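Input: one structure, supplied below.
All chains are identified by letter, namely A, B, C and D, in their written order; residue positions are counted from 1 within each chain.
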């Protein structure tokens, strides 16, 4: 029996951080959360997990993978720590600058690193299926319809664009449509239409926990991998 | 047992006319086609049905309802004949002028008359359901997504707009999206989204015969009705 | 401006009771929760709402409608109180005995009363649409497919059977299929298939709050209605 | 520019044979139909294609691939001819005996050979996607729902079982549901359900031409391949 993957969670007080802590605690054979880093921890230990302030980051205990869902201004020391300790990094922090993205690419030559905007395993699988379908069905029309809650500002969604790029990489021309309605967590339909037949590939998210669950999935598989820049798709079973 | 409804078909050589003749012939207990009017009939009788040129329209035998799918330039004598004979008129001729629409409204005071752009019974039922759903679910978001073959130029489809008006008449604000792909005959989704739940009302057409079938359905029910302007919805079972 | 509806919640410590309290508190202009009844209240007042033990039920303050989601063994005094006070009763308590059902029918001659197994407004609307579609589309095939989480034991779901009865009351013969998968909250598809066309009527639930929201919706509308036995469908807008 | 693939069509008078002739004639740069074999040809040449009776099979002109949609009793000489001429064979003839299946496996050591029950390219793509999804999503529930016209006797459909085997080969346990309604040509939904998310993979057929189109697709690609037993999936782009 293998020992659990040691995880350091950065951004522990945010919505994703809280979900990560809750879901990792439910799988003690797979994950050991060695520390939770947030701006101002309320206590030194919460639910058995040692808490650290951002300023204490470099004193964090040994870990196999750092999982980071925080803000761009806190990102640089996170990346530096992983390189220094030679550990894996999983990050879903959005809004990184060009310089930060370049630093990430450079770090990927030394450590295994995964950055993604959507950690749902289902979406990662769908992207792979979309690419395969597009390459096998040249000449079929490709439409992507996505639906999200009314608070979502950008359209098409980043995930729709990712799926579209998967289709385009295999030669399809993609048409997008976006619906904004109610409190829909997120739905994506990729439709390939030929003559007399049609394929519809759909992903429906009903619970935001899937993003934390997917981040833990890739964290467990990224630890110990060779250096490089990984996608969620690369770490599916 | 009642005697069959006597039908005169105008525009008999067109795609709809041919489908009407074929489907009416398959229901001899319900329909008796007393004549088929086209520009230049190839023979005097085809498959047992007397053929008439447009110029012979006024000499057509007695009928209960005239079913017209032809062109605007041939419409005026058709309307005049129905008023003169005091019979019902079902028409799906598109591109009528303002004057012709006014003449139709005026004729509807004397004869039962139905004009529609879509004769599918399913679409008519859907329009009724959409109106009811919109009135029962105030505050829910309403989206209409329609898909048709790539040859279709207008978007949203006329049917999507009709469904949207049904929703709007009950207070909904409607958002439209259109897909043009492959050889899709016609699909319409009307989606009402609330918090934590959603209703999807869908119509899928796979065969153009449904339009001729619907036209015969309303023809059988319009004959003998009081004068007035009817919709397909008004003649559902 | 009208004054809020005064609600007494019975079964306040259960999942539905807690959701009712939370959602009613968010609409202070519409609802005033005058009391919460549970087996053993932890405090006399919680979040501003007076708490009562079941044994104190008869001493509850004046209310317009009692909303009951509890257990059969606690039901009789609830029904008696509403009749005695001449108030409305909304109940979703399941497992009532024949005698209790008979008592409810009898009470409905004196007070407005609504009992339901599913309080989703969307499902109530769908049932109405299904009945209408079935009556307008005689001869079309009717299939119901429902999907729920793997913990659900009964199949087809009670809601599927209710929808099926709506179709059957209009003459349709219904075929059922059930899926049990993942953590699906509840989905129902009612499909009417003709020749060359098809109507699909779908309800998707993604959040259990819809049941509490629907119960509050009908509670607000039932208060002050004439005596009788009501369905959720009867109190839609 | 390559010369067209020379095709001999066996079973030319059947529904598939007629569709093959019509669709091949529309792509003269890709296909040259060198002959059409049927029980009793009405003429020696129809639409420019030489006609042969089954008894004249061995005198057929040179071809690259034989496409056979006929009956088991006519199959043996077809297989023998392809082996003798060292050409490819595409067959969709159903009801073959165990001995015929064994002869086919043996012949596949000498010629490229493809037998399938469903020649839709979309279905072949879907089977590949299903296998990939099942392997990438261990532990997710897998349900297959198929819908066909009311004349279809077997359930689940052969295609549903093929899709199910693709999922099972990757470790999934599959649950099936079947609908028989109206004149639905054929629809298959393969659904993978996890916690909080779901993938739906759908194929919809609206026109039977897709089977002939798929048979021509594989015929063009099978000609010239090494000996072996191929699936439609193996000849996708």
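Some points to look at:
In this section, a contact is a pair of C-beta atoms (placed from the backbone, for glycine too) under 8 Å apart; a residue touches a chain by one contact, two chains touch by 3 or more.
Remember, predicted model here, so these are calculated numbers, not experimental data.
Counting C-beta pairs in contact across B-D and across A-B gives the higher total for A-B. Taking the CA centroid of subunit D as reference, the farthest chain centroid is that of C. Between subunit B and subunit D the centroid-to-centroid distance comes to 39 Å (mean Cα coordinates, whole Å). Each chain gets a centre from the mean of its Cα atoms; for subunit A and subunit B, those two points are 51 Å apart. Counting partner chains per residue, subunit B shows two or more touched chains at residues 183-184, 194-196, 198, 206-207.
On the subunit A side of its complex with subunit B, the touching residues are 140-141, 143, 145, 147, 150, 175, 177-184, 191, 193-196, 198. In the complex of the two chains, the subunit C residues touching subunit B come out as 120-122, 124-126, 128-129, 132-133, 135-138, 192, 194-210, 213, 236-237.
Those residues of subunit A that touch subunit C in the shared complex are 183-185, 206-207.
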